[in-house]
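Single-structure report; data block below.
By written order: A, B and C. Residues from 1 in each chain.
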Amino acid sequence: MSDGTLFDAPDPAAQERMVEAILFASATPLTVAELQARLPHGCDAAAALGRLTAHYAGRGVEVRKLGEAWAIRTAPDLSHLMTREIVETRKLSRAAIETLAIIAYHQPATRAEIEEIRGVAVSKGVVEQLMELDWIRLGRRRDTPGRPVTFVVTRGFMDHFGLASPRDLPGLKELRAAGLLDGTLPADAEKGAADLFESAAEE
Amino acid sequence: MSDGTLFDAPDPAAQERMVEAILFASATPLTVAELQARLPHGCDAAAALGRLTAHYAGRGVEVRKLGEAWAIRTAPDLSHLMTREIVETRKLSRAAIETLAIIAYHQPATRAEIEEIRGVAVSKGVVEQLMELDWIRLGRRRDTPGRPVTFVVTRGFMDHFGLASPRDLPGLKELRAAGLLDGTLPADAEKGAADLFESAAEE
Amino acid sequence: MADEFTEGPARDTVADRLAAEALIVDVEGFEGPLDLLLKLAQTQKVDLRRISVTDLAKQYLDFVARAGAMRIELAADYLVMAAWLAFLKSRLLLPPDPEEEGPSAEEQAAHLAFQLERLEAMRRAAAALMARDRLGRDVFARGAPQGVARVRRVTRTATLLDLMQAYARTRTRDEFRPFVMDRDGVWTMEEALDRLRPLIGSLASWVELAAFLPEGWNRDPARRRSATASTFAAALELARNGRLDLEQSDPFGPIRIRGRT
């Protein structure tokens, strides 16, 4: 590529085509930074994404924001046509589903916090299963005695459940308003959870 | 779905959306017959495919016929976006850095002169590598029997090493003062290097 | 973490927990005492915040008694909860003791109600989450993703320090000396050329080549041989370049040169 590209960025339509090609080719969502890194110098990935999203509104596939990343996905109303593509997944146990929900709504969440909410010990298999599904991962250790590990949800989780932001978790506002998300958490833990949501939203 | 679909086929735009979603999600190209089989009754897969192909003309991906089947593929002119170059930076080999140093200190230097100082043959690969790095280039041919080619350092070399001129390189005396040089110098080495600087400066 | 929740079922050491887990029997599909309590609370059909904890405690204790009668081995957690509920129930029924430290019975009951409400809320949230349009079930990713081909390119780099160290190395290395030709007894062709070039311009007549040997190179045979050879080679080179003419009248006779204008 010549040095000229440093100064002559491709025109907006060309940038949109490029983002379209890259997003189409990827099965996993890509962040704006990742897109930017693959575009020629001088391109504005965020602006191109905006135009592309508008272009695909109402089409059979759509550009979706999934957490901090973007992907093209089939329109949900066409799922009935996709029976052949459905991937049969092992049914999740009630313990796994509840553990996942607790991590998603309370993240970062320690094992002790999950156990306190569910009233039973978290079995090792559940955490492993959720990690294997790439729905949860380890967060930063909690800065409390014992420095317990925390769990947070992943980009894969946002992708799987079609969430544009952690704020889009169903019923999050109501749960928070009812004081059900921060009841017995120590003050610092509460702050930590709030921070995570904030920083995730800012990114 | 009600029996009504038997009689009320989805409108053309809806059919195009359906074909779009199916082609997008399919792992393999699909024939018109296969598309037809997956669309609701009354749909015209070929017509929808035609509209979809036209819609994608000139975009970052295109609807392409592959044998008897159809698929969405990256536009050929954007295929370069699908490769990612990983640039790895490694230290220059000892042979290369020594050859470069001799050229820098003695330029213009012939291959025979470099070999005489290093005591080993200069490999073609080393010279090519230094040329590729744009650190050395061919100088004027030496006006001696055989008219051997000479090597000189380039502007790129000075930029990389932050030198205004190769004459700014510390001489052997300074190298020794800086502790970079210990051991005994051949009697004429210092003088020789100085002489060469002079002649290089004259050019 | 568990420490701050002292009023709950005690969770002590890992060993205790492991022992407890070994005893766990999934009684009628309940996942632990809190789950069972929630189920029982829901039968009261009131807002969980207004639940009667004394009634709930009674229901729970009845359940545990029933299980005991049926010789169902209950996990330790259930029994710990039963003991704690029996204690809480008795405190709730007695007038509060002003001397008592720590949370009041009402506070403990309220906290239990809160826990039940929170567990229920998390269950609803989990159900709502699972009901979303999910990837691979309701929405689909690209069926034929195209990977990014990775092209590895290696560039080399060096610093000024590397360069200086390399040069110092070439000028000092031990094996350096043996490769330097000892030039004391050698008159190189370059030197001969340098000597010849300025002289031939004014050379209009034939002069013997031997006259051009440098001074002091005539006595020592080795030095003379070197000087003769290099001067001869230099003469050939200059003749080739059209700078001089060369002649020899007979084999092994003297070689003479003349400048060409």
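List of remarks:
In this section, a contact is a pair of C-beta atoms (placed from the backbone, for glycine too) under 8 Å apart; a residue touches a chain by one contact, two chains touch by 3 or more.
Worth saying up front: this structure is predicted, and the values here are computed from it rather than measured.
Averaging C-alpha coordinates per chain and comparing to subunit B, the farthest chain turns out to be A. Chain closest to the overall centre, judged by the mean of its C-alpha atoms against the mean of all protein C-alpha atoms: C.
In terms of their C-alpha centroids, the spacing between subunit A and subunit C amounts to 23 Å. Separating the centre of subunit A from that of subunit B, both taken as means of CA atoms, is a distance of 34 Å.
In subunit B, 21, 24-27, 74, 82, 84 are the positions where the chain touches two or more neighbouring chains simultaneously. Touching two or more other chains at once are residues 140-143, 146-148 of subunit C. The residues of subunit A lying in touch with subunit C in their complex are 24-28, 38, 71-76, 79, 82, 85-87, 89, 92, 94-95, 97-98, 100-102, 104-105, 110, 112-113, 115-121, 144, 146, 148, 159-163, 169-171, 175, 178, 180, 183-184, 186.
Those residues of subunit A lying in contact with subunit B across their complex are 16-22, 24-25, 38-39, 58-61, 72, 74-75, 78, 80-82, 84-85.
On the subunit C side of its complex with subunit B, the touching residues are 140-144, 146-160, 162-181, 189-190, 193, 233, 237.
By the touch criterion stated above, subunit C contacts subunit A in their complex at residues 1-2, 4-5, 8-9, 11, 17, 20-21, 31-35, 37, 77, 111, 114-115, 117-119, 121-126, 128-130, 132-143, 145-148.
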